[in-house]
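Look at the two complexes coming up: chain A is in both, with chain B in one and chain C in the other.
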Partner chain A sequence: MGFLRKLLGNRDRIEDTSNKNQGQQPNQPSSKKLSENVEYLLNEFKRTDDLKIRAMNNGQAVLMYFEPLVDQEKIQQNIFNPLEMGHVEHISEIPNARSSENLEEMIPTLLRGHAIYMEDGSSTITRFNVTSVFNRNVEEPQNEKIVRGSHDGFIENLMINLNLIRKKIEHRDLVVKYFKVGKKTNTNIAIVYMDGIADPEIVQKLEKRIKSISVDMIQSPGYLEEFIEDNPYSPFPQMLNTERPDRVVANIMEGRIALMAEGSPTALIAPSTFFMFYQASDDYNARWYTGTFVRLVRLASFIIAIGMPAFYIAVISFHYEVLPDELLLPVKSSINEIAYPPILEALIMVVIIELIRESGIRLPSPVGQTIGIVGGLVIGDAVVRAGLVSNLMVIVVALTAIASFVVPSNELSTTLRLMTFPLIILAGTFGFLGIVFGFLFLTVHLTRLESFGVPYFAPVAPLNINDLKDTFVRLPLFMMKKRPKDAHPLQEKAMGESREWVQHEQDNNKN
Partner chain B sequence: MSKTTIKTKLSRRQYFFIIVQTEIGVGILSLPYDLHSQAKQDGWISLLIGGVLLQIVLLVIWLIAKRYPDKDFFQINEAVFSKWIGKGISLLYIAYFSMVSMVLLLLFVRLISLWVLPQTPFWILSLLMILVCLYLASGGINVMARFYTFVSVLLIVLLGFVVYSLKDSQIVFLFPILNDGWVPVIKGANEAVLSFFGFIISLVIYSKVEGSPAQRLRTIFYAHWFVVLFYLFTVITSFTFFSTVEMSFIQEPLLYMLKSFDFTIVARLDLFFLSIWVVNVATTLTTYVYMTGLGLTDVFGTKKTTPSYIIAAFIILVPPLFIGYNMERVDQFNNFVVWMGYIFSVAFLFIIYFISLIRGSLQKGGAS
Partner chain C sequence: MKRKWLGILICLTLLTGCWDTRQFKDIKLVLAIGFDQNEDGGVTETVSIPTVRRSTEGPANETVQVLTTEGKTPREARDHTDQMIANTFDPSKAKVILMGEELAKNSIQPIFDQFYRNPNNNLNAYIAVVEGKAEDAIRISPPNDPGISKYVSGLLEGQINATHSTGENIEVLHGELLEPGIDFAVPLLKVDKEQNLLNFEGLALFHNDAYSGEFIPNHQTTLLMLLEGIRGKVASFTIKVTDEEENAIRNYLTFRVMRNIQDMKVKVENNQVKVDINVKMKVRVVEYPRNHLTSKKTIIDLNEKLSELLTEQSEEIIAVIQEANSDVFQVGRNVQSYHPDYWKKVNWEEEFPNITIKPTIEVDIVQYGVIS
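== the complex of A and B ==
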């Protein structure tokens, strides 16, 4: 029922949507005696001190609420003001009050930050929504910045996040479904999709997987991800996570499903493909030449990020003959003095870069810059002068690190940096052949992966030539008339003839 | 409604690439030499003759497969020869497929150790190879098809390398044509047929491909001629790059040819060529692992497929370890498998077809 109301646009009544969850609650009819009711609630809440009991009418009635959860101003405004102004005779007549006779129902209600009013001699309990909400602004997420395009981002409040999506898709087919996950935390989860575009089979699959989660605590979508993804043992993320509403909206319109959770600004997109991680909103706002160029650079960064150190190691430890004569001397002179074999050099450097990166994240930003200087300049320079690492290796590893940060998704970026290690080891033991085998394993793995029954490496494997328009390149938008096939959209057509005016104008000019 | 269930059938494009990737494999490096050793500079004619003759076999394959539209090859065996004899014949085929895989593995590792890694022990390289193949094959034919289609991009790169070498080619080396008459050319056709033996895959997975029989036959032929032309191109390039005398000394002409080029950015193109060639070997070997595994699954009627592939990989991996780099035994084994190839990939297919014909007409007679 709740989501239906939501669909009709009744968006601001948060308590309505939660009603359906109360149907499953056990029933404990309230008694006519006030003291019994209060005692019951106090016992249920283990006599916690922040449960405030405010006596009214000489102790004939009480107002109960969790002090940290409610907004005192709202109590004044919603409950006392109408009484004082004489608009209503009795508290239960206040328009936004709801009443019930089930004490058990009051427990989650109180936990949501509502206040309840009980009177002696009446079993009716009246409750008011006086929750206090603290939100940060919907500012651009730090980890997914773009140059052009919308600069808003999701925040920790589910309702506001849904609001951002609904504002961008004003259509009756946009469906939101709520789930409660986490037996103790009771986290609100929402899935959002376009009915009539998203494949109902995938929606069902997702619902089933969410429902089968049985844990005490769910903290964030990242937590949820491991419970519902197809292959948790794969290093690759199988659901795109993003904090950008425009990215979520674009994916919903492609027939994918967004999954969001209360308390986290991250939305998960299912089903995802590998190449989705390389699409940024920027590509679509820039001219398509630029978009294509930038995307090619990004995809090249994938190869550089995982293959570059391996290639370098293979060349200098196995295949010197690959270097042309002119390059041979500078390379040789740079690595001649180094005490360690190249594979060790590379491992040391990659680990150092990871250390710098990780400490940079954890430290407060002024100190973080210091780490950048100390790590980047001092260590980089000193390590070469000390003869521990050749300067070519520093170049290679630095380039690799930069390339790995090009990916618009932090998830995949970490995966890439992880993939460097096995490739470095393979290259250090088998040379080119090791790299080939490494890449073979990698591509076979990517081809085998599926995200909610949808091939992960689409549209390359399985090949879909039509969808390549938005994979390696970004062709003009009016050429992408169909939605990508990998999401199994029910409606393939995404746009009609949009530039027929060209023909019209030409005809007009002729006349 | 559900597109996932429809998708379980292979598209014809995937069928095409499976056949192509299976046929192009280890042989491509030594094919020019092998042809040359029999037919001298007329080797390319042998190749064409072989290609044309094989069409008959492909036609027979299609005729067999058409009669059993929803059975894979091993199930066809049981349908044609009755259950137990069929299972026996399937076992023979499994033995054949695994022996081909062993030869592939032996030749692959031998070449790698000759050209790139002379010190590396045999078992490491073969283990790596078989692991990749096992991982791919156990994903099932759909995953294989996706992968094969994807890596076919590399064929273009390979062709690019070869095209570059054309700049130094001399057509003169192809003359005189038919200097020694037709006999060596026909003998060379024998060598040519060898490099096509992967075509049996078109029979094994025929039932898993969508489309009408005629469409599928066309795909088989397209794939076959793609491979013939691909081979022809590499053979003619190497024949025109090296003179007839040189050719008789060079076992891997393509590699030597690429070795001679020197660019400003990289030297030794042959190493890059070889790296890409590894992928082609892997796809070929994977197909054979798949066929062996599929056969084991069918014959023993197991429900889970992964164990059969693991067993198949194990069967394929272990015997070559005892042969290793022993060239004499590799060659003996190779020759033996070639003969088996003629029996199982050519002769026996005719027998299967005729028996199925007889059975078919008997059943028809019985029914009427």
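== the complex of A and C ==
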């Protein structure tokens, strides 16, 4: 470094990237007196007990670090070993050390888990990276399992997450930008996108929104989401949540932007559309017939999840003429003796299912299974035998619950279960008319919704026939030559002729 | 302002409640209705109300309640029924509507008026006339079927499939009731008290909205249907083609119609309406113990024989129809559209029995089974 500095002169000096933000930080030049420096830092850290001061050279120098944040092994390896081996004369000469004369700069440095070395009679502060890291394995996320394809998942460490993405996109255009959000927590946020594909306008929009967040604490991307999404009052999530690197990479390559935060395995994708929540990595790993079929099933589940109880209620309390003749007596016999009107029946059952689900999540897994059995079998069966709820209603509500879990995104799944309630009430008060109005409002809302200035219900509204190839169906990949328009990619073409060998082989065969 | 709208919205959804709900569990389903004429000129209504009671385990047990009430009009009779049962009477899923012979001979339009006014009514309900009283038909409890409605609708559906009936339902009937120049035929059922069953007698021929008293017997209804150009899933005939064999069975031939092309031409010549009905059938012989039909000549002979016999039968049918003055071929409609001057000149009701209707039936045996 020193040689480089001499060579280039002070003007063109290359700086560490971490020093980039120095200008914004207050400057507190270090004094030549060691005790003053130590005193300043101790005061700044409110004399916290875990700030370890290790006196060296008979009290002429100190090594300071946060005990919980550093790895003792690394201190030994990086600082003491070179000294002991006699590789270097003095601590500041250790190659991986960096120096500064700004005490204020040391504060975030210490908090990052670095150790600093100060000497009496010198204002130079030397620091070493000795951070200890605890990571879990990059295993498949529990809530987004797939059958075929990569089984890695993001973890709580931002660097490892970025590593997973970089490994999947080895290209110079992949850009990562860091932000610090949360005045007290100083959470590291990164946005990742492909320069030249992602719309710079949307990137700017996202940057501006992130910068305008002014809160003390940021917990997770889910927390962040509410500050930056377009319409926080909408029940629909406007950014896709995922813990899968392959899903993030695919979306980045479509010109979308991923947003990740330190300490959370969830990445947010912006801009998102409604139909993205129904795409799973499995669709692209399986053959396209299967992918199409599964996706159609999933989209049908949307209608079932929000409309089925409402439809059933409307039929049996308003329009029983639509029942087929053969079903008349079976239906009538099952609901004849029920004490409550169907709307109450449905609300009770839906709430019971939610109770079972919620208790199942919170409980430790062995007890959770018990709850499943008690809830599913005992309540389901007993409630029918007791004549409180008709068995048809149990079937309808159970089907609805199953359908709501089909969505690959947990975020939308909860939304769907929530949407059931207004439709049940509408159907119970106005019959089919109510359902029609409910769906009308829903469609109007979905059509008007935007995610980072991009229509949420694309490619259905506004209609884009070309993008429908990957919406309700999944056509073979070589037919999807263009990126979906909804993310405004700068570069539309995603692939060239990839199957021209077919023609070649045919020509060869002729000759 | 926002709060005010929210308040209005909540009031609208919660306070209005379910004022127009019709809870399926709170109604008494009526699946079969029978109408008869009583002595005072009023209406006797018989309804069959199934009640299903589900025990917590095992199959539901179904009981059928039959009620008969009288009233000056069908609607009044229904109100009287309503006064006798728990919950409300609901005919919107009625599958079968039966009419007594006497009532049918008088006029059926007043009976059906109520069904057209309420949008909830089931327009697919089958209609049939019962020889004697409809009440007797509703009151029989068929041994195999769970209820009279299922039994009668199944019976009538079977007749439609076997090309015995057009499947007259309330919806179709509406046009035919009101339109001049169109008449219709409704299945005629007879109560078999001994076996506790109903029997399909034939098609009762209606003139305007009243049963003429004449009917086409059930062995000729298929031919009538084919003359009208209607074929169900199966149309089969058993015809005696010869007297030569000693064994009686060997004299008969049974065939199924595979394809049926009907063509009706209506001409007005010298103030006289002439109707030609040509029916070409391609048939498959399904039973003919006498011959294997491998020679071409036999087939040609048989074709001629069958055509001749069927044409004769058709003439008989048409004679009955003209006597009943029941324009089931809708000749009047045809005359009205293509010869409006003539239509205006004549009184069709008087004219129809006198017009010439000439049926021609051509039978063509195209298959005779796998015998070779």
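Following the convention adopted for this analysis, the second predicted complex is superposed on the first by the 492 of 511 C-alpha atoms of A that agree within 3 Å, B and C clash if a C-alpha of one lies under 4 Å from a C-alpha of the other, contacts with A are read in each partner's own complex, and residues count from 1 in each chain.
Keep in mind that, in the parts below, a contact is a pair of C-beta atoms (placed from the backbone, for glycine too) under 8 Å apart; a residue touches a chain by one contact, two chains touch by 3 or more.
Small disclaimer: the values here were computed from a predicted structure and weren't measured.
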Chain B versus chain C as contact partner of A:F311, first or second or both or neither: neither
First (chain B), second (chain C), both or neither touched by A:S334: second
Partner chain(s) touched by A:P342 [first = chain B, second = chain C, both, neither]: second
Partner chain in contact with A:H488 - chain B first, chain C second, else both or neither: first
Touched partner set for A:V444, first chain B, second chain C, both or neither: first
First, second, both or neither for A:F66, with chain B first and chain C second: neither
First, second, both or neither for A:E321, with chain B first and chain C second: both
First (chain B), second (chain C), both or neither touched by A:I435: first
Doubly contacted residues of chain A, that is, touched by chain B and again by chain C: 318, 321, 323, 325, 431
Complex interface listing, chain B residues touching chain A: 1-4, 11, 13-14, 112, 116-117, 120, 125, 128-129, 132, 135-136, 139, 142-143, 145-147, 149-151, 262-268, 271-272, 274-276, 278-279, 282
Contact set on chain A toward chain C in their complex: 315-318, 320-321, 323, 325, 328-338, 341-343, 385, 387, 425-426, 428-429, 431
Chain A to chain B touching residues, read off their complex: 199-201, 318-319, 321-326, 430-433, 435-437, 440-441, 443-445, 447-448, 453, 455, 457, 460-463, 488
Residues of chain C that touch chain A when the two form their complex: 13, 16-18, 20-25, 27, 29, 31, 50, 52-54, 56, 60, 62, 92-93, 95, 120, 122, 146, 153
